[in-house]
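Each in structure tokens, the structures are laid out below.
What follows is a pair of complexes built around chain A, which joins chain B in one and chain C in the other.
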Partner chain A sequence: MFKTIKEVLRTGNATVKYPFAPLERPKDARGKPEHDAVKCMACSACAVACPPNAIQTPLDFEANTKLWSINYGRCVFCGRCEEVCPTNAIILSPEFELAVMSKADLEEICVYSLQACVECGSYFAPTKQVDYVARILSQNLNDEEAEHALESVRLCPQCKQKADVLRFKEQSKKAGEWL
Partner chain B sequence: MSDTANTNLKTGESHVKAVQERFPGAVLNTAWSAEDQVVIDVVPSKAPELIEHLYYERYGWLSVVVGNDERPLNGHYAVYYVLSMEGEDPSYCTVRVQVPADTCEFYSVTPKVPAVVWGEREVQDMFGLKALGITDNRNLVLPDDWPAGLYPLRKDSMDYRYRPEPVSDVENYEFLSETGDRETTVIPMGPLHITSDEPGHFRLFVEGEDIIDADYRMFYVHRGMEKCAESRMNYDTVPFLAERICGICGFAHSVAYVATIERAQGIEVPPRAQYIRSILLETERLHSHLLNLGLVCHFSGFDTGFHHMFRVREKSMDLAEMLTGARKTYGVNLIGGVRRDILAEQKLATLKFLDELRTEAGYLVEELLSTPNFIKRAKGVGILDKKIARDYSPVGPTVRGSGFARDARWCHPYDGYKHLNRSAFTQDTCDVLGRTLVRVDEFMDSLTMISELLENAPAGPILNESWTYEPHRYAVSATEAPRGEDLHWAMIGDNQKCYRWRAKASTYSNWPPLRYMFRGNTISDAAMIVGSIDPCYSCTERVAIVDIKSKTQQVLSRQQLEDYSRNRKHSPLEKRGTRYL
Partner chain C sequence: MIIDTEYPDRLQYKLDPVVVEESVAKAKGALLNSIKRSVYLYRVDCGGCNGCEIEIFSTITPVFDTERFGIKNTPSPRHADIMVYTGSMTRLMRMPALRAYHGAPDPKLVVSYGACGCTGGIFHDNYCVWGGTDQLFDVDVYIPGCPPTPAQTIYGFAIALGLLDQKLHHSKIIEQPGDFAPIPFEAVPYKVRTAIQRKARLLSGYRSGKDLSNEFMQALESGGSDVLTNIQTLITRQTDPRRIEILTQLKDDLTTMLVDPNQNQQQLKQALQQLIPSND
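For the complex of A and B:
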């Protein structure tokens, strides 16, 4: 009994002021994933890595857009999205107060336009992702393969295949070995 | 290990030789699924005697029973009895019994080795295989209103999202009691009850104040994790699901899962990652043991102690948050290593935390043990007899409180524990006090271990990403969670998913012997006894699909009424129940 009272006196007040004062969190704490819509190119790497499918990237064929959506109600704050993002467009902040009054507010959606094939006009990939690929390819100008890839970067997979076959035909003709 | 090297035998081979000699012709095939894990295919009719021999004659303990629907692979079902051999030649011995797909029958091992009873009941529920001669044939996992003939884990039975309509509104689960000729009163407790945070239904058969026998039923909040992992998750995202099996030992589950894949596929984990895993496993033990020490104060009516334990526990939560980025669900495990390193400044901060925890917890433990009321409530209460412990293979502080040095960290060393030279703490008193003291010792030792591991952790990479996998290989892996051994068994399929994942949480092994711990105590000790195994309902209930919802409430009150009319002399049971529990 005496020990207990002594311990109580020694401890003093252990209560913290939260929620009336902010709660201090360590600097690497994993909280709400913050999405940077400008850096993001809708490549879907995060959607593939996300264990609870909180991030989803469905295509809208009517509007020719790709949606990037996150549902904070599903998020488990594992940070796999941050890890796999090629453009650092998603970073886990220490923010942890995510309660909302309406369930719909837990969801955030960004809309990205799709690139139309310059040959046939069908939509095939997010414009920003195509731009990103083009930018990387243009940095390797001494590489012949990269140059060819850059020429066909705005072609849909079918047209790209066609272009490749034609190019191969040209090359073979030049070499004089017709198959 | 040294024995096997001298005689040029593989790890576990001595057990194979012994059963081959004892049961000629019973062993069909032997294979090593991992370095220290031998799988013995046996003639089904010989399995019960063979497992009995391994269990009792060669100091085996039951780890888990796994059912598997292997019809797409080889046309049969299979039941795996995983035994942890903890005497000579420590290893995992898995006895595999093939079950024909047309009869679906196999010979029950329960009459020979009582420890397998829950495992076999679960296999009956989930796969529809019949254990011939099983002594307890009741449902374990499936609710009373589940349609007959629908076996959730069969590959061709159902989608993981399917919720069948209830087929009955009567509770037909039979509670068992061995009360002899004595007239007893039945006190129902739960599924929703003020003393427990999670649902479980207990029936205490009492004579006056004394508990004569007890029976209980779990699995009220099934989450269907195994089915979900097999059908929806990819094998590399399962660690994050495994971490959510339990709110306390989540990290232990996630390590156990990734280690099954690593062992089965021979993936090497960098040494630094192994050290980090052990450090975090011990951090988890810190907060879990403080939680249980707090609860034991609470159950014995010493609520000041409870609050102080939780205040100090908060420090261990802060430590975890600083090291991993989250208070719980650390999320640092991937197959092949960990995602987050421990930096020099974090190491220093950790050492400071450890010092504070040691001093503060030291005060509190001294305070608890000098509280006469606590000693009176804990000493000689909830005896787990050594024979019962041996028969039912309980784990963690529960079995160590009864004098058995079972601890996965030292029986089958893994990760950073390979580099620590220690043995398990035990107490011989077999009671609540013994189990509490084991936790106190382990808590203090965890503090020392963390600083040793921090000191000795080698520098280097923390994640190995260059590996490939071969489908349909499997292995088991155990981690010593604060409450005992978490054991996972996983087989990857050829579609980026787990073909079968079986997660056994520590409390699953501790429920079956609980009945014997109740006997001979008074009603007021019941909560204390349940608390002393540090139960985790959610751990146990990770398997099936449906929850019973409001029906339970209705059925229970009818049952309560029935009980009252059967024992008319006594006051209404509901009142008794609330008064004492």
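For the complex of A and C:
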């Protein structure tokens, strides 16, 4: 009996104080994916990587917007969205208190506008993404390929095709060989 | 909002959800507001991977000890106050889930446990899965997580019993005009940046590769007179030999990019020389 009491006193209390005191989480603990709506450019890399389709990016052609939505109820906290994000807009925080009383609270939605093609006016990609690509291309101005890509960055895929064909026609005319 | 499947509605079987009577709903509201006794918990696995059960049982171990709040696991639905449904609602487990539900006395709380219980989780588009528990029952508390850790479980039960308040709320953010996505490490030339990121990810995997390349480029960007010394300090600060090895390889790559005589990208060389003036 005395031995048992001694052992109990030596061991102490192993129970954590949570929820009455904050819980200590280890470094790199994977909790709620925190999304920074300003850093995000709606490129959908996270939606492609997400194994349970918790992140979805449907296009709304009536309002000309792209939605970025995450459902924390479906997220498996694997961190692949964090791995693939080119702008570090989504980072898994140690936050774990996600339980809710209604299903609608599990969802987070961001709305991004679409870029209109400067030639034909059809909407084709998120404005922020086109802007990001244009800024990256303008860093490599001595590169001929990058320069041509920068000229046609605000064109929709169809208009881009047309512009490319016309450019090759001009080039081959200059070189003296006709297609 | 979330798109569950691409099939049209008329091709999908819809479950008849259990309707809660008004008097029972009222009693349930009263129970949610103030519960002044222990609650007994009955757990039904509707077709998950068993990870949630393991976490529930680690929640009742002495370390997390839910019994200090009076929450006790019971082997029979007849004694239960809280019904915990884990796993997505599968075709074959619909009837057992219903029988357990009707076996428990009213009023009772229904808890959706885990990603599968909340929305169907990673199995949401499986042929025999109808989605989460809410397809069949009126759910009171959703505990997301795959599986929820014991702390998450305690938080969920604390919400169900009114001990704590809910933190997460629905949010809708609309892009403001003039918002732009900043390029990470803009001062480092694009081609150098991608080369370093690819090499780091090749050597140490996606997750820690991103960490390592970010640290490396922070040292590059922090500038000063001598960038290579900055990187050397970063390497000497490390204690893990694997990180030292990878950072050293990245540094070697950077110097090779700088002095390679076959460097055909003249502009890359110029950009690097601007970045590392001491190495001309």
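Brief remarks follow.
By our rule, the second predicted complex is superposed on the first by the 170 of 179 C-alpha atoms of A that agree within 3 Å, B and C clash if a C-alpha of one lies under 4 Å from a C-alpha of the other, contacts with A are read in each partner's own complex, and residues count from 1 in each chain.
Please note the rule applied: a residue touches a chain if its C-beta (ideal position, glycine included) is under 8 Å from a C-beta of that chain, and two chains touch if they have at least 3 such contacts.
Being a predicted model, the structure only gives us computed values, none of them experimental.
Legend: residue contacts after superposition of the two complexes on their common chain; A:98 is shown touching chain C, with no touch to chain B.
By the touch criterion stated above, A:21 is placed in contact with neither chain B nor chain C. Residue contacts after overlaying the shared chain place A:106 against chain C, while chain B stays out of touching range. When the two complexes are superposed, the chain touching more residues of chain A, out of chain B and chain C, is C. In the superposed pair of complexes, A:175 makes contact with neither chain B nor chain C. With both structures placed on the common chain, the touch criterion links A:41 to chain C but leaves chain B unconnected. Contacts of A:76 after superposition on the shared chain: both chain B and chain C are touched. In the superposition on chain A, contact of A:9 is made with neither chain B nor chain C. Judged by the touch definition given at the top, the superposed model places A:51 against both chain B and chain C. Comparing the two complexes, residues 14, 51-52, 76-77, 79-80, 83 of chain A contact chain B in one case and chain C in the other. If you check the complex, the residues on chain B that touch chain A are 233, 237, 240-241, 244, 304-305, 308, 311, 318, 321-322, 325-326, 329, 331, 339-340, 363-364, 366-367, 370-371.
Here chain C touches chain A in the complex through residues 1-3, 62-65, 68, 112, 115, 118-122, 124-125, 132, 134, 139-146, 149, 151-152, 154-156, 158-159, 163-164, 166-175, 179-184, 186, 189-191, 206-207, 210, 214, 266-267, going by the rule given at the top. Across the complex, chain B is touched by residues 3-4, 7-8, 10-11, 14, 25-26, 28-30, 49, 51-52, 76-80, 83, 92 of chain A. Of all the residues in chain A, the ones that touch chain C in their complex are 14-16, 18-19, 23, 32, 37-41, 51-53, 56, 58, 67, 69, 71-77, 79-80, 82-84, 86-89, 96-113, 127-129, 131-132, 135-136, 139-140, 142-143.
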